[in-house]
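Okay, so chain A shows up in both of these, paired with chain B first and chain C after.
Here is the complex of A and B:
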């Protein structure tokens, strides 16, 4: 799984999918005691039917918060606004009343969380936890729900599914727990799966299994996947299209082949340069000098400027989002000329 | 396998109980030995020294300490707690006769505590810093601070004497149970509410609650099946730990309301220096505390699979 080598050429997709998710100008802030901090701002992207869209970015860039916003599981002090956040073209996720939203959660949109060790209820058998969405959304009988649960356990590659059904989370390894999380997310066959760093906490061989599993699922059920990671290797292996986030904003979006062949934004370039070709160091993004600005000290201009080798004077002004054709976009002054030229 | 683990658990529990019982019975004996010379009280102020000496001789109070203790233990082992001089018959059956009344009062108080504390604790956690939360927290502080007898007397004054809603005291109908049960529940309700609130606040921030929400489960299911259940272990532990406290407030409550339980019996027995009854009540109470702790232990193991029968 190296970042730049061996990704299949046929990934270049020109065919347009009808979008499962359309996000436009998403903004998420957290209300504090006396002030409010905006941690996600002006985030826009779409996920087509059957498409795998990757979101990459350093720690703290707002990947998880964005996905919680889509999923509708932000804490009560969060404020979400967007000019558009549509699911399957029909449901406005920003304004959806909570009762209707619950009908989508776990059924049409589901999520695998970043923390496999703490995301399962310690007092409930994993079988019951997988069966829960079936019982509530599909109103299945206990028996039927159990049958489907055991099936789901098998499909995520868990040996002795019947036995595992009545296990408790603390009896299972991290990899097993992550499979359980995936089984919960997939048991109702959702249209959109959000996977937030599904493999970060796992070792490399388990990671490979989980990724293979997700690929298979996408192939067999046509589920769209929003895959969040800070591992470009995972992106190269899995994604059709990539959204690069920096300090709460999307700084670049491109098809995966194009992104690796011709990264535009200096941040994307730095990301690639700092990714080791052989997977040894896991925290590979640390090596970009400087640090992500904190939400309270966010510069008004380009947020990457302080760390950018190509920073110019104009970068202290808010950079434009430049359309580069074939769906690629970047938020950088370097390309502002091209837009007016094209 | 599980059976073997469980039996060794029971065996160890039993082994732990034996020294506890030995200590308790010794303490009871010792207290009675030093404090309770029942003779003077029974014979009245006008008894002659000769009469006193005769009764002491007859009751075996002149024998050395270890002889008396040996006899006491031997009697205990045979289930003989001595004869109550107030009633003129064996003390233990008298205590056991009164026990159901105390259970009724304690059970009713427990139900009231749980019925109040669970929704109040959960709501003040989900509505942290709201008016409700502030009011509930305030009430909890007051509830803990109010002495039991004062609450009981206030309830009698307002609800019985002024409004005539409930009988002032005694037993015999459900109406008689209401005020003493409320009185007894006060302190536990306050403490339980506080514990539920603080545990819920912690649990609601856990990752698995976000998972539960992401499944689109109804709000109440997330709140109770996922969040509240994870607060049960500390709640049950609290209830077990407060048993001695509840029993001591039961003694006061039963006296205030003339509720015919073992608490009232104990107070009467102490006043009359009926040491056989005192010993029997204290012994039963000690057993109850041990039993409640054991029950809490088992319940916690059933609820939380991470706690093992070790």
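Here is the complex of A and C:
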């Protein structure tokens, strides 16, 4: 694929080591009283070492549930199955007993959530919250944990780190709280950081600062990042590779430059055309008619068919399959036709 | 294309017209209760120790909107942008008198709204409506869609018969793209985008002249946001509506606005046409805000270098001189002592800066 030519160094990194995360045919359902609802189906992707993979999608696409499934923080009525979900080539995240999983959570895989105020403990100083994983996972002494915490506070750009150590979340601004979340997530130097809409609740200037911080941390620590967002701008700014989700499925996967230059799936195209851009003046934005189907009423064929300007007869009859393997993937009959034809 | 030309025409024409709204020296102060928060805890620049830089405003007082003046012309969209706490929403609330101003004037078609007795203000309000950010909390969950849209018609007694009101409601639903079959449904049966359409239909019910859209598309998914933005533009053309469009997402504001005012710490720091703002920002804060917005394509990575450092200072300890001097990349001595007034820099652009960018 020409896509990889833009990122030669990336390619080398991913080829030398096993991927940090391999997900194949992930399915997540929630059991109800007498029925079960599948919200994520047939989701496959990998995250290479040091790579930033963005998952983009609108409400109901299943992007957040996917990330919770990987992190293992879904409620007890969730059922997670996958033909493969490996962390660092060694840990099977589907079958991992909870005791062993806890050894990974917050140590090797950590997570940053959208709303830092509800994710932080309001009754605990932020320093103690950052030190917690160090004490738990690395069994550090109180003194040593404090030293590392102050270091972590500095590395996420918090001024007067010693004083902030004993502050409580309500005393800090939204941007500062999100920096604390990132410090907690990164203090044990995880191999994979999952960031679920990390900047959605923030002002643009603070968003830019947090994105810049995440880029810097990736560069200095080599942490891989799985970035969940609804914002194509954040993807354009951060991602190496992009997974586009729609109605619980991956509809397209491509290297980021390729995706923006030449989106393939009609949904990706429509998403880009409906996003206003400050470089262009348009009278009208393209919009996608209709709404995302609900999980209980999923169509039998392609899930986007009802809203797709290019829908054909086959689209509403049979679901298109994604070609697995390397390079770009598109879950669309337009491309399946092309491939069988050639 | 023809529409674009017409549009250009209408804006040049607009500037020769009488403004629909004229805001002069509008100010809103809030009195704070309880002990003053520690000033130093929040200041991330570490400049808190430098107390000389900060003017302590009188105790327990917060100036949310600080002596702002601007005009809005009929048929145009004025975008209002700025970070949290910049005073955008407060400004809108003051214009509609949902909040009482501390001082200043707001003229609506030449009439000072702030001097109107309550009864008359109430009558005047049918000309000005509002669409809110959160379509989940701004619609009464116990009322049917038809009742929600009908309520302003009943309150203002514009249509005496039930039949007449019902027809108007169905008509409005059609206008905003909602099927009239939904008239007896409740808000929870609708998606976010549809709810926003209900809010828009309600705002349109009294044939207003002005609609204030307070973050009206911020909570919506991209594809739904596009539908609502298109609808707002269509309605504007159809009914010659004037919009004040408050937003924090620059791309959406860029898309819909003819002119844009940038607010910082309760002040307007720049106000100009859309293109002049995006192509040739005059105030360093505007430039920094534009550069902070995520790029629209990976090809543009790194092209935006002037990120804002630090955060907005707390409103109750605004800096002496230019309010932006604590974060400005081009700050000079004068900025720390003397507050720059909002002044004209070209036919269209006004900025409050001693040293505007690209200006001789």
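Simple rule for what comes next: the second predicted complex is superposed on the first by the 308 of 342 C-alpha atoms of A that agree within 3 Å, B and C clash if a C-alpha of one lies under 4 Å from a C-alpha of the other, contacts with A are read in each partner's own complex, and residues count from 1 in each chain.
Criterion: contacts are C-beta pairs under 8 Å (C-beta built on N, C-alpha and C of every residue); 3 or more make two chains touch, one makes a residue touch a chain.
This one's a predicted model, so the numbers in the text were calculated from it and none came from an experiment.
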Chain C versus chain B, contacts on chain A by residue: C
First, second, both or neither for A:106, with chain B first and chain C second: first
Touched partner set for A:90, first chain B, second chain C, both or neither: neither
Touching partner for A:206 - first (chain B), second (chain C), both, neither: second
Set of chain A residues, in rising order, touched by both chain B and chain C: none
Touching residues (chain side chain C, partner chain A) in the complex: 3-4, 7, 41-42, 44-46, 83-84, 191-193, 221-227, 229-230, 233, 248-252, 254-255, 275, 278, 288-301, 307-309, 311-312
Chain A - residues contacting chain B, complex: 68, 71-73, 98, 101-107, 110-111, 113, 115, 118-124, 129, 132-133, 136-137, 168, 170, 181, 184
Of chain A, residues touching chain C in the complex: 58-59, 158-160, 167, 171-176, 203-209, 211-212, 230-234, 236-237, 239, 256-257, 260, 270-271, 274-279, 281-288, 291
Residues of chain B that touch chain A when the two form their complex: 206-208, 210-219, 221, 225-226, 229-230, 303-306
